[in-house]
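Quick heads-up: structures coming right below.
Shared chain: chain A. Partners: chain B in the first complex, chain C in the second.
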Partner chain A sequence: MTGRLTSARLVGAGAAAVVAVVTALLPLFLDSSQLTVYTELLLSAVVTTGVSLLLGYAGQISLGHGGFYAAGAYTAALMATHGMPSLLGLACAPLVAGLLGLLVGMPLLRLRGHYLAFATLAFQLILLAVIGQQSSMGGDIGLSGIPALGIGSRHISDFRGYAWVAWLALVAVMILTRNIVRSRPGRGLRALATSEMAASSSGVPVGRYKLVVFSLSAAFAGLAGGIFAFFIAYVAPGSFGVLVSFQFVVMAVVGGLGTLWGPLVGAATITLLLQWLNDLGARPGMPDYAPQVFSYAVYALLLVLVVLFLPRGLVPAGTDALRLLARRRLARAQPGADAAGAADATGAGVEEPVPSPQRQ
Partner chain B sequence: MLTTENLARSFGGVFAVNDVSISVPKGELRGIIGPNGAGKSTLFNLISGHLAPTRGEITYVGRSLAGTAPHRRAREGVAIVFQGARLFHGMTALENVMVGAHARTSHGFASAALRLPGHRREERLIAERAKEALEQVGMSDFADVYAESLPLGQQRRLQVARALCGQPELLLLDEPASGLRLGERQILADLLRDLHEKGITMLLVEHDVSMVMSLADRITVLDLGTVIAEGTPDAVSRDPRVIAAYLGQESSDAASR
Partner chain C sequence: MSSFIAYLVSGIAIGCTYALVASGFVMIHRVTRVVNFAQGTFAVVGGMATASLLRHGLPHGLAEVVALASAAALGLLIGVVAIGKPGTPPLSSVIITLGLAIGAYAGEVMIFGDQPLSFTMAHGSTSFLGAHVDRQLFVIMGVTVVSYALLQLFFGRTYVGKALTACSSNPYAARLSGINPSRMGLLAFAIGGALGGLAGVLITPIQPVSFDSDSLLAVNGFAAAIFGGLMHPSTALLGALVLGVSESMIGGYVGASYEIEVALVLMLAIMVWRAARTPVMAEEVA
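Coming up: the complex of A and B.
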């Protein structure tokens, strides 16, 4: 926990480096439609990382992060279409979303559980309705003709460039999240998730911490929204429906709350599954409502399956399985310790081992 | 160190604490006893800031605590061990105790996210203090165990360690010995005696009257929200009103069984 380099941590760092390199090189081998999926997947992972920080660590739910995603996208789109440097627009996207998060969070974070969920959902609906009425923001039709992202006269001219921008954003957001979680404020957040009373009597400024983490996760969503606006070159309220917010929460839960890699794994699982079902639903002979029915079904089914069978999500289940495998192998290598090791390993498979492994 | 003046708190017109005036000098270990529902926990919630008084005033090291949030009181040295085991789930014992250091440390989100200078040093300091506090309550071997999977007795001790990690000057202990086995009780009593010698001011609520009698400098007896007696353990144990209150409780306990 405190900078000690254990072997498990080295393995973790090595695995992270491999994943980073592979995902960074991946765009070189993808065609343009695959690059679209890749970019949207990573942008979802950026938002989900924030949602997971909020829900998985601080225990506060938001069903309104689609709204912050929209706020970031519209900030970037409006600034860029009004002749401001695109990079400035991108920088302002998380700032505006974060500020909006601060404003919205101040009254709403007094609420808990279901009430907070509904209130954040309402915030998003109100925001979308307001945008739809605003002709200066393109109304229901939206804003088009958003210029490409770039500095001066150099612009990103292909999908591959945006794929890398999304990759950079995800890396940045994951490093920030990791640094926060493994620190004084991170422990404060995790503490207030179980008992605000005990946390505050330990010196944790509960109200301020909740507000900061809400605003920060809104800023993550805003950053992803900003990149999305330049990538698609068109924003409209229709792109930020309520289903988008649900999707982020489902991704966070499926991947594993309270884990660093859960959001990416959850986003990848859902995006790729949806993509596959979309292709399936678009086959000849399928009714034309099939793709949409499939996508709704995926959220529902995955959520139910994960909650029932892997209540802690995919990432913890995966690391548990790996640990089990490693122990089995160890037991086989040391025949004397076989019986004890195997018994230990099966025991650990049934229930969470009591001595804690470090968190991801 | 701590004085309350005519402190009162009502819930829907019923006073849980009524006109309580106590004065605890620095370094004293004050026992607070009283039958169930006497208002002991309510008094602690008023002092730690989780409840606002209906009437009255709390003064801590010469300053009024009116309107001061719980986390600010913690920073001024007021720590509390709650009656229930209010531990942080999904965090190890060590991490739980590290949260207690919030009261005495300052690095925030920006400093953590960007790993600004000084952050590392403070993290190391927090870990050291937390390990010391765990050691003090004899739980070093359980540092890496998830708090919620500990047995009740250890959860209690862990709460004490968390409070100690904030280096408190005033420590409120709400029935820290309940649910502990005899041996564990002894260890806890020794720890409290040790803290008393170090000069930490303490308020100890405990149903184990003999434990309070052996530890406390003075004892305040609450019944139905009011102070019915106060004095040295000896004097209090001979007070007829105290005997009546406790006898009353015993007979009502017997009746409810």
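Coming up: the complex of A and C.
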């Protein structure tokens, strides 16, 4: 059984490497409008990885990650427009967002479920209202003229460079998430998602773990926000509305909560679908509200259908189907292996009592 | 003094609309344990539908009634999707209502357009204790008092109202006495839709409503509802009045731009304070 597990793990690692190489080479073949979609997709995936870590592994919902995204973007934008090195601004974006997450999380993480959802939503509304009133932060009009990202006199001059920056950020965030989830604190997180009482009586420092994960996922959002600010070269409160936060939750749920690849799959599914519908809605003969209406309808339909019919999301549903297929083929090749497969399945069940998170 | 009276009356009236949104939250949460994120949507649909029907020549009265009926129908529809599939856990239902709230944007933009709409219900203003006060504010207060009284009668004096209360206190026991809790849940969604729609109809004449006004209305309504722990309409009314009056006073004396921040910070403070007093065990078992 251990042999088969290692081979499954090898297949997984190989698939991950193929995906990494293909996505890294992809910008070479995309035109500038496709590169914009590519970059925004990857940045969404970075934030969604944090949301999924928080919601899928630690069981804490946040409808305020658009606020941390904004915090990162504004940190980078303010520092860069005040003449500081752009790389320093990019480094400070996740730090400031993470610190803000720590400050906000301290009182708010006492709340659970829908209370936490509304509280984080309120945090974002407060943050946006405050930014809109600060003339030093550009007010409602926003900050423009953000210089390009670069070191010294060398700057990223085209969209392709930002696409690779976003790719690097996503890889870093995913590797970090993978290592956290597999560590002892990661198992503690999954325990507290099921029952905080049981976890704390088994010695998991519930409050501290929740706070650290909240802050970390805020930092992920801040990192994406910082890259976004340099990429778009313009930030305004209007870019970070409540719908942005909802979008990250939708992507996390659609892709599959508590999975490493779910956020990327969710972000890709929704971004590409929206892009396709946007093109469709912008065709002549369509009413001018069509693109807007399509995008709202897509969020709603995907979220509702996935929650009702694929409650664990696309990635777990997909891997389950693949596993079933492989097991059937194995059973056909050597009769009697089916029983071993069943034993394997129950073994995995005993090892991981939490139903939703799935081994990669 | 006269400006104080004006702020007070306007605060109470705004508070009344929050109370109606809040009572919708409470209604649905009591029976189904679902916090309906689409509660602000009902207000938007109520307000925008009335404005649009009036624009198409329907008389006052009929337009409002049709708008309320469509808000109630929307409530029923959202209820069917959110709790209609047997075995949907409450947190999934909450996420579904969030999705439907976004989905409703699509319908609203298609039917009513993406610009704010308004209409006039009660014309002009009147002198009240030396202050000029819009007549509409008195309409809001009067309608809210009447609807709270009707709700009280409904829950206290009718079988259906008592069945709803039974489902909220113990669904299992309610089922044993021949009540269908899921049907009662759908009824709660429809009533919650009508209450939210009523709030929208009343507030649109003083604050134009557009398709994305829902989050602010919902957050204010939710803030009021948590005064009573999402279970008691009367404490929600009290919370809504406190919220409305404090927003109006701060808007009047400090500056209109701080209204939202204060209301939200107040809501966060109350939630955290309540959570600190509730032991973890009580929440996990419930």
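Here is the rule we go by: the second predicted complex is superposed on the first by the 331 of 360 C-alpha atoms of A that agree within 3 Å, B and C clash if a C-alpha of one lies under 4 Å from a C-alpha of the other, contacts with A are read in each partner's own complex, and residues count from 1 in each chain.
Methods note: a contact is a pair of C-beta atoms (placed from the backbone, for glycine too) under 8 Å apart; a residue touches a chain by one contact, two chains touch by 3 or more.
The shown structure was predicted, so the numbers you read here are calculated from the model rather than taken from an experiment.
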When both partners are placed on the shared chain, which of chain B and chain C touches more of chain A:
C
Determine, under the contact definition given at the top, whether A:296 touches first (chain B), second (chain C), both, or neither.
second
Regarding the shared-chain residue A:195, is it in contact with chain B (first), chain C (second), both, or neither?
both
Quick one: classify A:216 as touching chain B (first), chain C (second), both or neither.
first
Partner chain(s) touched by A:176 [first = chain B, second = chain C, both, neither]:
first
Just checking: does A:115 make contact with chain B only, chain C only, both, or neither of them? Give me first, second, both or neither.
second
Taking the superposition on A as described, I'd like to know which of chain B and chain C A:140 touches: first, second, both or neither.
neither
Which partner chains sit in contact with A:320 here, chain B, chain C, both or neither? Use first/second/both/neither.
neither
What residues on chain A does chain C touch that chain B touches too?
195, 197
Show which residues of chain C lie in contact with chain A when the two form their complex.
35, 37, 81, 85, 88, 91-92, 94-96, 98-100, 102-106, 109-110, 113-114, 215-216, 219, 222-223, 226, 257, 260-261, 264-265, 267-268, 271-272, 275-276, 280-281, 283-284
Help me check something: in the complex, which residues belonging to chain A touch chain B?
1-3, 176, 179-180, 183-188, 190-191, 193-195, 197-206, 212-213, 216, 258, 354-356
Flag every residue of chain B that touches chain A in the complex, lowest number first.
48-50, 69-71, 73-75, 79-80, 82, 86-92, 94-96, 98-105, 107-109, 112-115, 119-120, 122-124, 126-127, 144-146, 149, 162-163, 166
Write out the stretch or stretches of chain A touching chain C in their complex.
107-108, 110-115, 117-119, 121-123, 125-126, 129-130, 133, 195-197, 242-243, 246, 249-250, 253, 289, 292-294, 296-297, 299-304, 307-308, 311
